[in-house]
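Structure first, commentary second.
Order of writing sets the chain letters: A, B, C, D, E, F, G, H, I and J. Residues in each chain are counted from 1.
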Amino acid sequence: MSKVIEKLNVLDRKEATQILLAAKKQKGLSYQELSEEIGRDKTWVAAAILGQATMSEEEALTLVKILDVDPTVASVLQQYPMKGSLDSAVPVDPLIYRFHEINQVYGTTFKEVIQEMFGEGIMSAIDFRMDIQKKEDPNGDRVIVTFDGKFLPYKKW
Amino acid sequence: MSKVIEKLNVLDRKEATQILLAAKKQKGLSYQELSEEIGRDKTWVAAAILGQATMSEEEALTLVKILDVDPTVASVLQQYPMKGSLDSAVPVDPLIYRFHEINQVYGTTFKEVIQEMFGEGIMSAIDFRMDIQKKEDPNGDRVIVTFDGKFLPYKKW
Amino acid sequence: MSKVIEKLNVLDRKEATQILLAAKKQKGLSYQELSEEIGRDKTWVAAAILGQATMSEEEALTLVKILDVDPTVASVLQQYPMKGSLDSAVPVDPLIYRFHEINQVYGTTFKEVIQEMFGEGIMSAIDFRMDIQKKEDPNGDRVIVTFDGKFLPYKKW
Amino acid sequence: MSKVIEKLNVLDRKEATQILLAAKKQKGLSYQELSEEIGRDKTWVAAAILGQATMSEEEALTLVKILDVDPTVASVLQQYPMKGSLDSAVPVDPLIYRFHEINQVYGTTFKEVIQEMFGEGIMSAIDFRMDIQKKEDPNGDRVIVTFDGKFLPYKKW
Amino acid sequence: MSKVIEKLNVLDRKEATQILLAAKKQKGLSYQELSEEIGRDKTWVAAAILGQATMSEEEALTLVKILDVDPTVASVLQQYPMKGSLDSAVPVDPLIYRFHEINQVYGTTFKEVIQEMFGEGIMSAIDFRMDIQKKEDPNGDRVIVTFDGKFLPYKKW
Amino acid sequence: MSKVIEKLNVLDRKEATQILLAAKKQKGLSYQELSEEIGRDKTWVAAAILGQATMSEEEALTLVKILDVDPTVASVLQQYPMKGSLDSAVPVDPLIYRFHEINQVYGTTFKEVIQEMFGEGIMSAIDFRMDIQKKEDPNGDRVIVTFDGKFLPYKKW
Amino acid sequence: MSKVIEKLNVLDRKEATQILLAAKKQKGLSYQELSEEIGRDKTWVAAAILGQATMSEEEALTLVKILDVDPTVASVLQQYPMKGSLDSAVPVDPLIYRFHEINQVYGTTFKEVIQEMFGEGIMSAIDFRMDIQKKEDPNGDRVIVTFDGKFLPYKKW
Amino acid sequence: MSKVIEKLNVLDRKEATQILLAAKKQKGLSYQELSEEIGRDKTWVAAAILGQATMSEEEALTLVKILDVDPTVASVLQQYPMKGSLDSAVPVDPLIYRFHEINQVYGTTFKEVIQEMFGEGIMSAIDFRMDIQKKEDPNGDRVIVTFDGKFLPYKKW
Amino acid sequence: MSKVIEKLNVLDRKEATQILLAAKKQKGLSYQELSEEIGRDKTWVAAAILGQATMSEEEALTLVKILDVDPTVASVLQQYPMKGSLDSAVPVDPLIYRFHEINQVYGTTFKEVIQEMFGEGIMSAIDFRMDIQKKEDPNGDRVIVTFDGKFLPYKKW
Amino acid sequence: MSKVIEKLNVLDRKEATQILLAAKKQKGLSYQELSEEIGRDKTWVAAAILGQATMSEEEALTLVKILDVDPTVASVLQQYPMKGSLDSAVPVDPLIYRFHEINQVYGTTFKEVIQEMFGEGIMSAIDFRMDIQKKEDPNGDRVIVTFDGKFLPYKKW
């Protein structure tokens, strides 16, 4: 690394994530607890910490205060990140792969059913929110993941 | 194709899907309507028609009867298919791609939040059901997709 | 192919495209001329013929009438296609490759400038229209391609 | 890194980009404002900062002066870069992916329409300029991206 | 296909597999039952039918007799096949994918433990046999897959 | 690396693995010996050291004590790792490749035989254990690898 | 193939190539001889026959007349082809691979030397011609391939 | 990096290239000028500097003397490099991509024409030289690239 | 397939291979026996039959006569084939994969040793012959494969 | 890198290779000379130095003594390496690529001829040795590479 750049001492997004995760672990705080302080859903807070969503100044300052980390981290949290959390198109980690598998197996089912219900278009991944809940079940608890995206019809021109 | 195989006149899974989709369109029936006759969710019925789930004899016979297609189709619907509905790991069709994008962007979020809530393990894609609903909204209707999978904790040995 | 499927005599999307292009060539009609009859932009009409957009019944009937092709083609034009016009992620044909190159070279420029002007979000490729014009120039005519897509801001949750 | 090379203290293109982006942010200057000082379009200035275009000595000196960065950066800005701003052929970031999607879906449409209008050839990506504008719209502002490239007809020999 | 080749009426390996699977299903015979007639393990018989192992003349004749299929199939079963049963390096079908996942996750574990126990070398996949058993379990039956391969130490030279 | 992150002095999973393997070698301890101290199978202990399984606090403290390494390593061993031990989908190392080859050649055999014995479903790679044994043989010792995974039937909905 | 499309009896580009190559071989004519009749370079004539360049009506009629093939082939030769003569990005055939190797090894040399001689820009592959000659040499004849492409400087905007 | 290796202070090929390019730029010398001093073609000198060809001791010493760089660089220039100047099979940089495009489009033309002129064999990329010239042209200067490789006929055995 | 092309009844290289292999099997002739009739090595004869080498008229006529196949096959055997016998860069078939593995593991060894013995250059794969022998051994027969390729030194220019 | 790991000062395999190659060059020793001291073939010694084979304690100590390098290198040479010497499945370096090309072109020839001579099985790449010789020839010296691998027949079960 050159001398000029070294002096900048820039904190990149991955380092900010590492700092935040380490502090969160040390403080013993859950995403749910952070969520309540920041006023956003726990999945959104996790996404922001993991470099996939952008905090307002207020949200960022609240987070660095709760986690007691260097304030320069707050500035990184307000920048628009280059999105993409995985190293490859096909993930290997089993938890993440199952979501890939669902798309590979049920991808055409999504298309058939959504287009029959809504007409031609897509579910937005931008005007989008998601939720993860635990449903207790004597045969084994269940993970309930909900995607809630605006339907965007194709425009003709 | 050799003479020997030609005589078999085997109907493969893709052809069965084509026949069923053509008949469904001709009859003007929705997945919801088929769902009510067969007694399974509309998404599961779509998956079975698209070669991604296996019908019981009764379900298959009901379906071919409603759609009025050749009864040999019912036999194909009862075979265990080689699963996978897409041609490539990264889909191009925009509706299906958005699901891929959600995984690429929020994959690590799924992992962080699910493991914090449940411990180390995965959401099953086998002991799994899904649901697709339309939520009417004056700013544009919303697609609500729900995944409901059993949490499977890693076993130590 | 089995006997059962053969009887269906289904016309698939690629065949419909071939029929329409052959007829268009035989009639000597341009996309501009088809555009005027159908009441849609020439690029949209081309996209529909090439299996990337869906016509209304009226649009489809107009087209098959002008081109004097088998009426079953009109029915194919009204189905929602599996989108994607290229065989590979990196196209080889030089005309199409140049658009890929523009994205590879200026992809981060799009991101920087659009996000600075609009905030964090994307240009929709669904609520989207495009236009292609010829600008005459003594040093060589110029191709003017315009993309016009709705800005979609990320929603927080 | 060896001692010999360490002494060179070479500033590479990525580091120059980092320095310029950090300074631009600190100064609170937009690409539009830089554009006015340098006398080039905002998209071209962004491309140069991002390592995809080459500045003249005058342009480079103006830029480092406005942004008040180390003058060695000006020298890097005048070198011809190895072009390509993305890590992979298929980008993951949603804003950039939408441009990839447009090519995948409308690639054959570009080819059909441009060749019908101009004859056989391509739109140059070298004798090329682009523009990004905001069109205000009560239903949501729109991103207007324009490509303006010289048509190059194939030469026979 | 040319006239010359058409007259050959060659039965290829995939067609032989299709014929055998169709006949097996029609006869209602299991791999275990075929195994007992042929005198080989059920997994080996399945592999041979699926084009991944080669039968002796006696084994092949026994199989075509039990399944009552065209005797030319027996000749195909005695040819050495080009091996490889999957379409891609990373399988999509969930049952098959789990084996891929085991290798991705535990690949270095195999290497560490086998080399510690045996020294440097490999488990042969040629001087190899496998077995699949069902272990009944009140919490859900278990699949027991056993690989039994000769250890081959690296030779120095 | 920025100053802020440098102060964190975080030990990542790969470094923990390196430390543990170096200490294990120095102590001359086998996985079998570690296994007896920790009370888990040798393959599971190896997987945990290699970053593919998670230890309880007690297991981790036992391990760092036996191997006499820095206690911060124990904390890393209790974190849920991002799983995946290989650099690529198709491994090159001959020992690991043979397992890939077994799947490529016998993948459809697994599917045929398991589904015939159990019905439609998969062998879990999560509710899963494995074992590696040496079987002495005058013609060359044999590696016996056993996978023991719960059968998970597809649920209909 | 459906009945409707079958009636079209369209001759595609690959078939036209096959017909032309078969006729060329039967007539015993070289590309040089065709070149002299058509008035274009032998490499360009080869490219046109191989579906990579487009003939005028006159050129196409001359060619089908010399080769005495079905006149519908002349019409195919006048259509703008989807360009790209190879099945993969990295060719396997040794003759073609050597050209790929030259680019892999000397790609940065092309860039350094051309940009030093011409400034920043590219050698056009559109306003382009090539030539292949044999240079006799007692140590083995030599293949002389010449590319002659217009230099296109990057335009600023 | 370990202490042991650090003391070696090895200069690798990429670093040598960086040093040479920086010195060449500082001295304001062209490849043509270096070529005249060294007694080799400018393209060959560029290739050697870029790590794709190997200099004799005399050539290397001449070069480091002209460029006034650390003499250890001369030793690196005499080592046989691992060849390959590009990061990927399909280059992104537009200047280099055009050469890739020429091969993709005209690859089969090379094969057809060379084999017709020379018989079955290849143009060597080893017993090979190339040349790059500027041809002035009022319509835009032209880049003339010449490959001159020995024809190697396949040997039968 | 169009009517025009159908009439050509062209026999392609793969079909010729199929015909020759079927005839060879039916006649019960080995490559060694064919080799003796044709006067070429058994590996070269196999390569020619498999579409990877080109026969002279005399060799081709001898082969079709011995195997008693349609004389049009002899003409195909004299055409220069597009070379490459495998479907993918990484073969799956275990016999063929082992050769790939040898290159992956010992590739740098080839480079180090050959360049130390011969200087900088390559072993030609064109001026090349190979041989396969069986060496009997009480511990298991051995396959002896010999490559014999001309060393080609890099030429400077 | 963390403080804890830094203190370990581990020498990895690539660094050991670099040290050995640098020392070998400095001492001016050939693989043949090392081979004679160590009592193994020159290709095997090269493979061990390049991290693809494992030395005994005696061999390793002999090597570090001859090359006069740090004794910790001897310990690295006795560890079982993760094998694989190339960065990619398709090598770019021309010397190494030619071996890849031989497999791509003659892969099916290997299979046909070996299986005809030996029955169904493979040539082992583990119970394997190789040799590289120079054969002097007035028309250019020849590289003779010999593979000698045990034939392993498939076992039935």
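As a convention for this text, a residue touches a chain if its C-beta (ideal position, glycine included) is under 8 Å from a C-beta of that chain, and two chains touch if they have at least 3 such contacts.
This structure is a prediction, so every number in the text was calculated from the model and none was measured.
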In how few steps can one go from chain D to chain H if every step must land on a touching chain? 1
Selected interface, G-J versus A-B, where C-beta contact pairs are more numerous: A-B
Report the chain pair from A-E, B-E or A-B that duplicates the D-H interface, where duplication means over half of the contact pairs agree by residue number. B-E
For the pair chain B and chain J, the C-alpha centroid-to-centroid distance in angstrom is 49
Whole-Å distance, chain B centre to chain C centre, using C-alpha means? 28
Multi-chain touching residues of chain A, meaning two or more other chains, are 10, 43, 82-84, 86, 89-90, 92-94, 101, 104-105, 111, 115, 121-122, 124-128, 130, 152
Pairwise touch network: line, ring, star, complete, or other: other
Please name which positions on chain J make contact with chain I in the complex. 30-31, 42-43, 46-47, 50, 52, 83-86, 89-91, 93-96, 98-118, 121-125, 127-128, 130, 132, 134-135, 137, 139-152
Contact residues on chain G for chain D in the complex? 40-41, 43-44, 53-54, 80, 82, 111, 115, 120-122, 124, 126-130, 152-157
Listed in rising order, chain G residues that touch chain C in their complex are 1-5, 8, 10, 82-84, 86, 89, 125-126
Okay, in this complex, where on chain J does chain H touch? 9-12, 15, 18-19, 22, 70, 72-73, 90, 92-94
Within the complex, which stretch of chain J touches chain G? 90, 92, 94, 97, 101, 104-105
